[in-house]
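Here come two complexes built around chain A, the first alongside chain B, the second alongside chain C.
Here is the complex of A and B:
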């Protein structure tokens, strides 16, 4: 309990950035607010998503706040703001122009846009906002409650060999659920682990560097992650534009005489859908690697089935502008974001791109290592990492509060963002990303490495290999190797340390089962959609 | 006039240097780059940056801190060995970088004689730790558990610590399961979580020991530990060597003597003054500064190199 108070206190007693009427405004509240606005704006811009904004802003934030431990909360504040803002903002162009601002808003176009076309864009936006923020808040509450308990359970019941097996299980799961086929996911994970082994390890002679001096510290995490995720995406988009494949269709909404804005009974109608989708989103979010797009699809599909049976005859169907459709989608995709931090904070395993950037931030600044050790309730000595964790929870709660109050108004003002042509946007993002990397790592080698990973990311996308498993494997490979090495030596050099306890054998069997089961199902799914 | 003055000053310094060079004789020809061999944001990094800003305040020089991490300080040594030897590039490492790590790496360019040690700031408060109320909370309990056949998991953070643990095991007849982790903080977490049983920690354990959560079951340095003055030393328990060491600043080989003296004195003054931020940090974490400079420091490093060779011989 003391830690909860300390966490809240750490947010409010953070270094004052400026003062209003003699009251110092803590810098992490300022960054949270700015992050939220940025996130909504970025979410509302088709072609940009939350992770891009987080990637670009992270190095800038680090150069502003430095790498001292008290920089953690302001930087996290901004990133959390972006994360929360983007989930809300993605619905804007989806509703107004039938163009999803973020990938997980695809299902929002199905009902949001028809409703806007019938002359009720404000009503659609308000429903989207309300559902999104409610789903997000619900999932955050689950995070606050579950993460500490899960972490404590892991520390109490899992020894080093079981932790190794757990990481293997997580990587297998991530590689199997992301992307079109299990095999491609496994390729991505294997390449990520391979890239992470360069120049790491324990000897004084860095391995796999081919004698190149620029590699004697290995691939810097910032270069590798931003290269594969951001540059790769930029290259693909440029390639598409060059081949003339990317034409966004913007349908103008016709304003009729229909009464706009929230209508009486709307909230009562959508509440059950929000509640159900929040549960779906939270459950999916808690599994690393599944992602918000699946949550949105699932929330929408389940909602449609129930709506069909229960709706009154005069109500619109899903797909014709039903408020329930917007609610079911938006609540589900937003509920993912909070729950996604459960594996990050309690196990150190990132489940989506946003979580990757939170880990990247923690890694660059230092002083906070996401993982079960964060939740050591030591006493009377204060565990600073735990204070940071509760500081993060406080920031998330405040972020929700801001989202409730000002998010809606700001969101409705953001429709202008979707008119920015992508060919102007991309060079800016590219330049800011490269500058940002150079700020953090002032070697030309870092930029070459970034380009290298960018090209790799390009081919991944062209070959339909998922990029995120590659990045997550790159981040987790070090932990996996160290835990395995430690487990090996702690058991006195037992080569079968993974098979000595029931727990780790169960984890490994689950990993095998996932590959077999999902591999078969995905194979069937592909055969069904592509009969050839 | 200016040139004459400078020539005079140079002549004066040349004459004075062999007798007693003092801080006033030397100013750096440009900003000083300080390479830091520790991860950004950690305790050692903070110490390095605070010493740098203390020296800036005291002397008016400009110091630019920069991270050169990896390979237990040897990446820094490699980069420093090719840096200009005029006092404008210095580095902060631990003494075992030049002693044990250089010896084991074997690269002739990285050996201690290719560097100029400037000054140490603080000594490791190295203890062998365990959970206070656990099965390994005293050396006798550790021995009893070992005799009962319990495998004992021993956390170490560097190559030298690993080899010392192995040597300690050889001398005491206990075959430890030696587990390498990333640092002292991780060893403490491992012990708390029950992943490890005992481990070396170089000073970060002070608060937890005072709070009664962890315990120093033995000291690995020649002087008693501040929090556990009664803990037996590992040499009493059978080891041939101590696991001592210092945080220290180094420069490339053959820097001008007056530069060495001026830099060493500035660093030493800041580290041993508890009114500076650096001095306060050192007081808090290590119970006070431990400053060695000049010939005394050279001798310490030479002894460290010799001990390292002997340790490597002993565990062959």
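Here is the complex of A and C:
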């Protein structure tokens, strides 16, 4: 309990950025607020997403707050605000213009846009906002309870070999569930591991550099992550526009200026769908690598089945503007965001792009290493990392509060963002990203490396290889190698150290089972989709 | 490329490359073997991680070949993608060259001082960034639009100027590209 209070205190006692009526406003509250607004704005902009805003803002935040431990919470505050805002904002263009602002808002178009076309855009937006924030809040509560518990269990019961096996299991799982094929997921993971091994190691010889001087320091994490995630996506989107496969400018609104809003009985109708989809989203979000799009699809599909049996004859079906359809989708995709942080905070394993940027921030600033050691309840010495963790939880709770109070109004005002042409926006985002990288790593070589990873990200997408497993493997490879080295040394050089404990054997068997099971399932699914 | 065989070809190429890397590249370009003995105790060497990485890559290539037999190809790469990405690469190369050398060239033409001495002062410190950045934004938009217009270049230069001011005015210690290299 002391740590919880310390975490809350660390947020409110953070350096005041300015004062209102003589009361200092802590910098992390200001950044949280700005992050939320930014997140809603980028979520409402088709072609942009939360990770893009995080990528661009991270170097600026580090420039503002420095790399001192007290910079952690203001920087995390902004990133958490973006994360929360983007989940809400994605519904805006989906409802108003039938264009999903974020990939997980695709299902929102199915009922949100028909409702808007029937002259009730405000009602659709209000239902989306209420469902999204409720799902997000429920998911955060699960995170607050589960992450410390899971971390304590890991620290208590897992030794170095078991931790090595756990990272292998996580990487296998991520590679198997993401993308269309297990083989391509594994290719992404293997390439991520290999990219991370360049110029690292324990001898003086920088390995796998082919003698190229520019690679003597390896690939900077920021360049690799931003290149593959952000630049790759920019190149693919520009290519789609160039080929005429994507609309260069956004479609016009088809709704009129009809005043509308929540109707009597709406909340009673949608609450069961929100509750069900929140559970689905939270369960899916807790698994690393499983995206919010799957949660939205599952929440929608389950909700549709139940709605079909229970609806009154006069109620619209799913797909015809049913409020239940919007609620089922938005609650499910938003419930993923909090639960997605369970693996990163408790195990140090990032499960989605937002978690990747939290790790990047922690890595850049220092003083906080997400993982099971964070939840070490030491006494009487204070564990500063645990205080930061509870500070993060406090920021998430405050982010939800802001989302409940002002998020809806700002979300409805952000429909203007949907009108910005992507073809103009993306080259500007590219320039901003490159500038942000140079400010952190003042070498033109860093820009070339970023561009190289951007090209790699482009080809990944065109070859249907998932990008996120590559990025997660790149981040985890160093930890995996170090843990394996320590485990090998601690067991006296036992080459079979991974097979000496039942737990690590179970983890490895699970990894193999996941590859076989999901490989067969995906094979059958794809065969049905692409019959030869 | 036949859609059915695309993934299989990719898988086969990956398997061959992985085998070559494990047998040729890794042994020649790492400082220690898979396992080494240091002061009487066994340690994991620098070659282990790349060897496992390439082995995993090879296995992934085999799985992909097997999957391709059952499911067909999901590749969406064609020559238009290659043409486009080559164009983007050319634009990036030109933009980087402009960014790197516009400032020194302007200093050589219009000042007695070297660019290195001027890179912290206005307007010199913005020259490369604005010319290179504006060129990149304008040319990328032109590539996508398939036509050259002065308006998009104007937009690019204005955006680059705004970006320079956003970073440079509040944070005097930050270096815009290319000023950290020259």
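By our rule, the second predicted complex is superposed on the first by the 520 of 532 C-alpha atoms of A that agree within 3 Å, B and C clash if a C-alpha of one lies under 4 Å from a C-alpha of the other, contacts with A are read in each partner's own complex, and residues count from 1 in each chain.
Definition applied: a contact is a pair of C-beta atoms (placed from the backbone, for glycine too) under 8 Å apart; a residue touches a chain by one contact, two chains touch by 3 or more.
From a predicted model like this one, the values you see are computed outputs, not experimental measurements.
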Exercise. Have a look at chain B and chain C on chain A after the superposition and call it: clash or fit.
Key: fit
Quiz item: In the superposed arrangement, does A:217 touch chain B (first), chain C (second), both or neither?
Solution: first
Self-check item: Between chain B and chain C, more extensive residue contact with chain A
Solution: C
Quiz item: Between chain B (first) and chain C (second), which, if any, makes contact with A:424: first, second, both or neither?
Solution: second
Quiz item: Does the superposition put A:489 against chain B (first), chain C (second), both, or neither?
Solution: both
Practice problem: Examine A:372 and indicate which partner it touches, taking first as chain B and second as chain C; both and neither are also allowed. | Solution: first
Quiz item: In the superposed arrangement, does A:160 touch chain B (first), chain C (second), both or neither?
Solution: first
Exercise. Taking the superposition as given, tell me the minimum C-alpha spacing from chain B to chain C, whole angstrom.
Key: 6
Quiz item: Which chain A residues are contacted by chain C in one complex and by chain B in the other?
Solution: 202, 204-205, 485, 489, 492-493
Exercise. Note which residues of chain A are touching chain B in the complex, please.
Key: 67-69, 155-156, 159-160, 163, 199, 202, 204-206, 216-217, 364-367, 372-373, 376, 378-381, 482, 485-486, 489-493
Quiz item: Where on chain C is chain A touching in the complex?
Solution: 3-4, 7, 10-11, 14, 25-26, 29-32, 35, 41-50, 52-54, 56-57, 59-67, 70-77, 80-81, 84-85, 88-89, 92, 96, 99-100, 129, 133, 136-137, 140-141, 143-146, 152, 155-156, 159-160, 163, 167, 170-171, 174-181
Practice problem: Quick one: which bits of chain B touch chain A in the complex? Just the residue numbers, please. | Solution: 39-42, 45-46, 69-72, 74-75, 101, 104-105, 151, 153, 159, 175, 177-182, 186, 189-190, 192-196, 207-208, 211, 213
Self-check item: In the complex with chain C, residue positions of chain A that touch it
Solution: 60, 63-64, 180-187, 189-191, 193-194, 197, 201-205, 207-210, 235, 238-239, 241-243, 248, 423-424, 426-428, 430-432, 434-435, 438-439, 442-444, 447-448, 451, 455, 458-459, 462-464, 477, 481, 484-485, 488-489, 492-493, 495, 515, 519, 522-523, 526-527, 529-532
